[in-house]
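Listed after this line are the structures, all set down as structure tokens.
Next, two complexes with chain A in common: one pairs it with chain B, the other with chain C.
Right, the complex of A and B next:
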């Protein structure tokens, strides 16, 4: 099980600060995103470029307080008790 | 359009009035004192149109003084929205009139709002702003959220001996209410409005140490390359803190031009005196090419202050 921490729009959507999700079989980031989108369909267009379903460039992802480099998004493997945060872009001045 | 430091102009900061109903001790008056009467609503609309076309930009922030002191503010927002040239329209306000105006502003086309909140302590708030209105502003923030403004940013100018002990309270307040906290380091005022060195020396807090300690407990830190290289810090309690720390790095990330309420276009908070008045060319026959030339001169005059 991993914990997803919510910020900004995600906090407003979920009305929670965090939530526990079961790891997917592949133990990857996309698995968590699919579970998020299943629970909160509105997150799909926030997180993913459609129709290709790749994670948007403007998103940053932190696992256990470290930002994961973009080039590692596909390869990173998650573990039980990992904490994941999707850091959405904050617009404007 | 880029300046000589290769900084592309992407944002306009447009003062619609120099009137304000508050008297905040840290106010930099947007770096200018107006030299003639306020632009009319029509002039503001036309200038916004021309700036969007000439600079190929789509972001604007309305400021003052206090922009909600301008009685035609909703018309201004609506007019500029109806140009269909601006995608991001925001405002900075003291929040005094926000509870009454938020819905109208949102419907007129404003989509983001920054609210100055100097303290969560009523007595300190009064000391800093000159007004005993903290509750009124808190209601304004609530209303802004209800009507749909997103994100809402809280501007907190850190002042030594006044509110610098409220940092954690502000972080908690903004985190609990899904607001973004902007920690603003006091900067010195420009010559244009008269420097107050004593105030700066007494009240200035260098935010580097605060930033460092926030980063140490952060879940993640991002840097906003298109917005003055500002750091944005995501905290474990859901707080989002943006830090505005003047310096060379900050200046080198600056993509703004400023318009004073009298039509003076200038390239930096500290360069109002070297601006050009762009109201004058509005009635001319070849106004857009002359306008572009005036804008170009201002852009070329831009230099990093730090």
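Right, the complex of A and C next:
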């Protein structure tokens, strides 16, 4: 099980600050994204380029409070208790 | 996540709840630096909530959300980079979070430098970087009832 942290738009969509998801068989980021989209269909167009279903360039991804480099998105393996966050471009005040 | 937000200001840069720190307290903490005798200039930037959005719409209130763990790390990185500039003695970067009314304080950047020139340059760099690098998001609530997260 991993914990997905929600900020800004994602918090507004889910009405939650965080949520537990089961890891996919591949234990990869795409597995979590597919579960998110299944629970919240509106996230599909925020997270994914369609119809390719690749992760959008506008997204940053953090695992355990560290940003994961884009080149590592495909290879990273998630573990139980990992904390994952999908982030949209920031907008400081 | 709110339980992890610092509720009282401990004198350091970072993300804090609205109302926990003000500009005089930050200047006071800078002046408590043992190296204050090397300082000839304290420059301050105070970002506040503007009544008009970028698109010219009328703003009623503004909400800031933040990923505290990442945002605090990024603020630390910006601070370390600025402190390494020759002539910069001390600085604070503070971004507030919560729900804000028009003209409320949102951000403080305070730079203490030996001379004003390097202070002005460092202040601009710190402000431009916090705007685009730290993991915070703002939502403007407009007077027509609509609202949207800004990116």
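Assume the second predicted complex is superposed on the first by the 89 of 93 C-alpha atoms of A that agree within 3 Å, B and C clash if a C-alpha of one lies under 4 Å from a C-alpha of the other, contacts with A are read in each partner's own complex, and residues count from 1 in each chain.
By our rule, contacts are C-beta pairs under 8 Å (C-beta built on N, C-alpha and C of every residue); 3 or more make two chains touch, one makes a residue touch a chain.
Please read all numbers here as calculations on a predicted model, not as lab measurements.
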Checklist entry - A:37 contacts which: chain B (first), chain C (second), both, neither? => result neither
Next on the checklist: Under the stated touch criterion, which partner chain does A:17 make contact with: chain B (first), chain C (second), both, or neither?
Outcome noted: both
Next on the checklist: Contact-wise, after the overlay, does A:5 reach chain B, chain C, both or neither (first, second, both, neither)?
Outcome noted: both
Checklist entry - Looking at the overlay, does A:91 come into contact with chain B only (first), chain C only (second), both, or neither? => result both
Next on the checklist: Applying the document's definition of touch, where does A:58 land relative to chain B and chain C: first, second, both, or neither?
Outcome noted: second
Checklist entry - Just chain B (first), just chain C (second), both, or neither: which does A:67 touch? => result both
Next on the checklist: Per the definitions at the top, what is the overlap between the chain A residues touching chain B and those touching chain C?
Outcome noted: 5, 7-9, 11-12, 17, 62, 65-67, 85, 87, 90-93
Checklist entry - What residues of chain C sit close enough to touch chain A in their complex? => result 1-2, 47, 49, 62, 64-67, 69-70, 73, 95-96, 106-107, 130-139, 149-151
Checklist entry - Which part of chain A faces chain C closely enough to touch in the complex? => result 5, 7-9, 11-12, 17-18, 58, 62, 65-67, 85, 87-93
Checklist entry - What part of chain A is in contact with chain B in the complex they form? => result 5-9, 11-12, 17, 60, 62, 65-67, 83, 85, 87, 90-93
Item to check | chain A partner contacts - residues on chain B that touch it in the complex | outcome: 11, 13, 59, 61, 88, 90, 112, 114, 150-151, 153, 178, 180, 218-222, 224, 227-228, 232, 234, 236-238, 240, 242, 256
